[in-house]
Amino acid sequence: MASDVLMKKLTQAILEQTITKRANATHKGDYGRILIIGGTEQYGGAVIMNALAAVHSGAGLVTVATHPSNFTALHSHLPEAMVTDYTQDLTSFIRSADVILIGSGLGEQLTILTTTLSSVTPEQILILDGSALTLLAEHQLNLPDARVVLTPHQMEWQRLSRLEIAEQTPENNLTALATFPAQTILVLKKCHTQIYTENDSFELTIGGPYQATGGMGDTLAGMIAGFVGQFHVSLENAVLAAVYAHSAIADDLARERYVVLPTQISAELPKLMHRYAEKKTDKL
Amino acid sequence: MASDVLMKKLTQAILEQTITKRANATHKGDYGRILIIGGTEQYGGAVIMNALAAVHSGAGLVTVATHPSNFTALHSHLPEAMVTDYTQDLTSFIRSADVILIGSGLGEQLTILTTTLSSVTPEQILILDGSALTLLAEHQLNLPDARVVLTPHQMEWQRLSRLEIAEQTPENNLTALATFPAQTILVLKKCHTQIYTENDSFELTIGGPYQATGGMGDTLAGMIAGFVGQFHVSLENAVLAAVYAHSAIADDLARERYVVLPTQISAELPKLMHRYAEKKTDKL
Amino acid sequence: MASDVLMKKLTQAILEQTITKRANATHKGDYGRILIIGGTEQYGGAVIMNALAAVHSGAGLVTVATHPSNFTALHSHLPEAMVTDYTQDLTSFIRSADVILIGSGLGEQLTILTTTLSSVTPEQILILDGSALTLLAEHQLNLPDARVVLTPHQMEWQRLSRLEIAEQTPENNLTALATFPAQTILVLKKCHTQIYTENDSFELTIGGPYQATGGMGDTLAGMIAGFVGQFHVSLENAVLAAVYAHSAIADDLARERYVVLPTQISAELPKLMHRYAEKKTDKL
Amino acid sequence: MASDVLMKKLTQAILEQTITKRANATHKGDYGRILIIGGTEQYGGAVIMNALAAVHSGAGLVTVATHPSNFTALHSHLPEAMVTDYTQDLTSFIRSADVILIGSGLGEQLTILTTTLSSVTPEQILILDGSALTLLAEHQLNLPDARVVLTPHQMEWQRLSRLEIAEQTPENNLTALATFPAQTILVLKKCHTQIYTENDSFELTIGGPYQATGGMGDTLAGMIAGFVGQFHVSLENAVLAAVYAHSAIADDLARERYVVLPTQISAELPKLMHRYAEKKTDKL
C-alpha cells in the first residue's frame, strides 16, 4: 500500500534536542508530579513497570494509585514511589498531578477511568495506555479537554479508530486521529512504532524483536510520563524522545542479550540520558 | 547393567540448531503465551523460579496461577509476569495459553490438576512437573490428548513407571514411556539427565553436583516452557535445547562458584541464548 | 540580599575529621541503636529509605516503627532491620534507643509524634523530619529536652519559623533557630543545603539537580541517624559529615547518571566511608 | 587474667580440610535438609538471613518455619527456600530434617522451642541461636540427646553458663560447657569468636569491627547449618570452617567497605567456597 505521507524518521537528534542538562537552582517540583493509575490484583506488574520507568527517567515525584495488594511489591522495587488505593477518591491526587498516566493493567475498572477523565484539566497531560484505551473504545467515552497522549498497540488502535490493522496506513491514521481532540498525540506501538500529531508523523527505525515480551509497553508508557513531566520544550518532542530512548536502550542491551526485559530498560535510563544531556552541552 | 540402547549425547549443536535469531516483524504473541500453575502457600518459590526461567528465556507472555499469598513475592521478582488465583476457574486462562506448565510446588491440589488435564486441547503443549507427577501416579490419572512433556526426577519416575530406580535403564524407560500417549517426551532428571521420545533417547554429559540444590528442577521446567513456546522447529528440539542450556549455564557459573543457585541460571539465560543465536547466523 | 553572616563552606575535611576507623574491641551496641518512626500505608517507602541509609552507614541496630503494611517491603530490602507496629505503645522502643528519627512519611499521625516527644530523654538524639516538622508547626508543639536535629526543606522551615522562603537569610535563620531549645541543629534542605547551630552556620557547595527526586531527603535523614549514632566527636560534626557525604556520593554517581536515585546513594555509603576512614588513618 | 588453656588459632587450613569438591553422582539430598525455626512478626529478618546463608553455602533443601507474615519477604529474597507456619505442628518437618536451626528472632515463642527440643533425635544436628538460648536459660530447659551446637554471644552465654562476661575465660568456659551434654559444641561470639568442644578450644584471629552490625550472628548461624549439613568429616570441623569462612569473607569485603552487611557475606559464599575446594583438589 503506497503512502503519500512522508513520515519523518526519528534519529538520536531527538534525544539531543530534548534531554537538557538540569539547571542548578531547581527542585523535585520542577521535574513533574506523576500520577500513575492502574494495576488490578492480576496485573499489578504493569504499574510497577510504569513507575520504575518514570522514576528512572527522572520524574520528581511519582504516586501510584493501584489495588492495595500491589503496594508491597511496588515498594520492594521502588521505595521512591508513593502509593494510594485506586478504589478511593482520587480527585485530590489528580488535581495535584502534572501528568496522569492511566490504563496499564487497569482491567475492567471503568469507574476509575471515567472519574479520571472528568477530573483532568486543560493544562494537565493525560496519557492513556492499555486497558484504558480498550475501555475508551468499548464505552465510546470522550476524551477530556487536556493535553492527551494515546499509546495503543495496533489492536487497541483498531478498537479506537475502527481501522483494521491492514488499513492502518499513515493517511488513514492521520485521518482517524483528526476525529480526536486537536493536539492529541498518537503513539502507535508496532514493529517500528509510529507517532502521529495533528500535522505530522514520525517513524522509529530502531528497536527489534528482542523487545517482544510482556511489559515492554508499560515501561514505554512510564518513560513517556517521566519525559513529558520534565522536558517542556514541547509535548511532541518529549514523547518522541521517550519513544526513541526506549528502543535505543533495547538495541544497546540486545548486543549481548537474546531478549531484553522491560525492567532492564528502566535501569539503564539514567546512563543513556546522561550521555545525551552531555552531548548537548558540548555543542552549545 | 549393559544397554542395547545407544543414547545420543547432547552437544551444543542442539543450541545452535534450536535458538534462532528472531525475525524482525514479530511481536510478543509469536513467542508463546505460557500459563504456569503451581505454588501452594508453602511452596510458592517453585512457581517464582518457573516464571523467572520462562521470562528470561524470552517467553512472550507469562501468567502464573498460584495461591494468592505468592502474588507479591512473584511481582517483587518479576513484574513482567501476570498472576491469578489458582483456586478460581482457570478454564479461560488454559484456553488462551500455548503452553501450560503445571506441578512445581503444587502439593496436594488434585482438583487443579484434574481440571487442567480435562481442559487442554491437542494443539497445546502440557508440561507436567513435580507434584503433578506424583498426583498423576497416585491417582492413576490419564494424560490428555495434547503434546505432553514429563519432567520427573528418578523417584517421581519410579512412581509413574513402577520402575525402581535401579531398574531405570534406557530400555526399560523406553518401554515404560510407550505406555504413555504417543509423542510424550520424558525428561528424566538425574546426575546426567536423560531425555526419551517415542523413538529416541538422549543423554546430557554436562552439568555437575553444584546443581544439587532445591529449585534447580523448577528452573528447568520454566526454561522448557519458555523454549517450547517460541522455538517451533520441533517439540523435541526445544526440550533438548532447554535441558542442555540449563546445565551449560550451570557449568559456566560453577567455574567460580561452589554451588549454583537456580535464580542465577535464569539471570544468565538471555546472554547464553544470544551467543548461540549469533553463532547460527554466522554460519548461514 | 546581602548577608553579614559568614557561612563556613563544608569540604571533605569534615568526612576525614568525623569518620574514624573503628576500634577493634567493639560491638554493634557501640554503633548506635536507631529507632525510625514513620511510614503510613501510603508513604511506606520513606522509612524504607531511612532504614537503608542508616544500615548502610553502619548503624549497629535499626528498628523501624511503621504501619504493618510496610513490614514486608522493608524486609525485602533489608532483613538487617527489625520492625514494629507504630500504632502500638512505642515507649520501650524509645527508651532503649540512642537515636530516634521521626517523621519521614508520618502523614497525619499526630499522636505518635506527641507520644515520642514526651518520651525522649535529654541524653537521646531526636531527629525530626518531613511530616513531623509540619505537625510540629501546625500544632505548635514544644520540642523536648533532648539533643534535637531538625531537617526541614524550605517550605517546612517556613511553617516552623514563620519566615517566608525569600526571607530565609542566614541572619534570619539563626534568629529563628534561637527560639528553639539551645543546641538544636537545623539542616535546611535546599539547592545547597545549609546547617545552622546555636553559634555557627555552614553551607554545602557540592550536590546538584540530579538529586531533585522524591526520597532524597528520607535518605539524608537516615544517614544523619546512622552517623550521629556512631560518631561521637560531636553531634554537629556527625550531622555535617552526613550532609556532606550524601551529596558527595550523588556527585560521584552523577558523573554517569542523569538522575541519582536515593537508594543508590545508600548502596554506595560503605565504600565512601571506607575511603575517608582510611585517609584519616594515613595521616595519623 | 592468665590462662592455662592453649587455644588453637584457626587458619584457612580449616577451609581446605573441610570444603571438599562435590562427588559427581550426588543429589540435593546429600547436601542436607535444613529446617530453620524462628522469626516473629518483629524479627522476621533474622530467618531471612539464616536462610540466605544456608542456601548460599550449598544446603540441599531449606525450609523456614516462621510467622506467616514473613513468607513473602523471605520468598522475595529466596524462592529457593520453602516455608511453613511455625505455629502449626512442626513434628513432621523436624523428623525429615538433617539439621535444625532454631532461635534467630524467635522472641518469646517458648512452646515452639520446647516442642522442638522434645522432637529431635540423637542423629540430628540441633543448632541453638539467639532467643532460643535466652529461653533455654530462663526456663532452665534441658538439651535433648542430639548433636548440639550453641551459638551465644557473650551475654547469652552469661545467661546459660552463669559466668559474668569478665569471668568467661577459656578455663571457665570449658568447665561450664562440661555441664552440658557431652559433645555439645559452643560457638562463643565475641570480638574474636571462640569455639569450644568437649576437649578442645579454638580462637578466631580474623574478622573485625566492620562486622558490628545487626544480623551478623543470624548469618553465621545459617552458615553453620549449611556447613554441618553437607560436610561430614566431623561436626567440629564443619562448625569451625563456617566460623572461619564468615569472617574471612567479611575481611575481604572490608578492604573497600566501612561496614559489611550480613547479606553481602552470604552472597559471596559460593565464590569463597569454590576457591578452597579447588585448593584442596590441587594438593591431592
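Note that the chains take the letters A, B, C and D in the order they are written out, and that residue 1 is the start of every chain.
By definition in this document, a residue touches a chain if its C-beta (ideal position, glycine included) is under 8 Å from a C-beta of that chain, and two chains touch if they have at least 3 such contacts.
On a predicted model such as this, the values are computed, not experimentally measured, just so you know.
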Legend entry - Far-end chain from subunit B, centres as C-alpha averages: C
Legend entry - Interface residue identity across copies subunit C, subunit D - same or different by half: different
Legend entry - subunit A on subunit C, rotation in degrees - Cα superposition, rounded to nearest 5: 90
Legend entry - Whole-Å separation of chain centres (CA-atom averages), subunit A against subunit B: 35
Inset, instruction - State, to the nearest whole Å, the distance from the C-alpha centre of subunit B to the C-alpha centre of subunit C. - result: 50
Inset, instruction - Mark out which residues of subunit B touch at least two other chains, giving numbers and ranges. - result: 72-73, 76
Legend entry - subunit C contact footprint on subunit D (complex, rising order): 41-46, 48-49, 52, 69-70, 72-73, 76-77, 153, 190-191, 208-210, 212-216, 254, 256-263
Inset, instruction - Would you tell me which residues of subunit B are touching subunit A in their complex? - result: 19, 22-28, 30-31, 55-62, 68, 71-73, 75-76, 78-84, 269-271, 273-274, 277
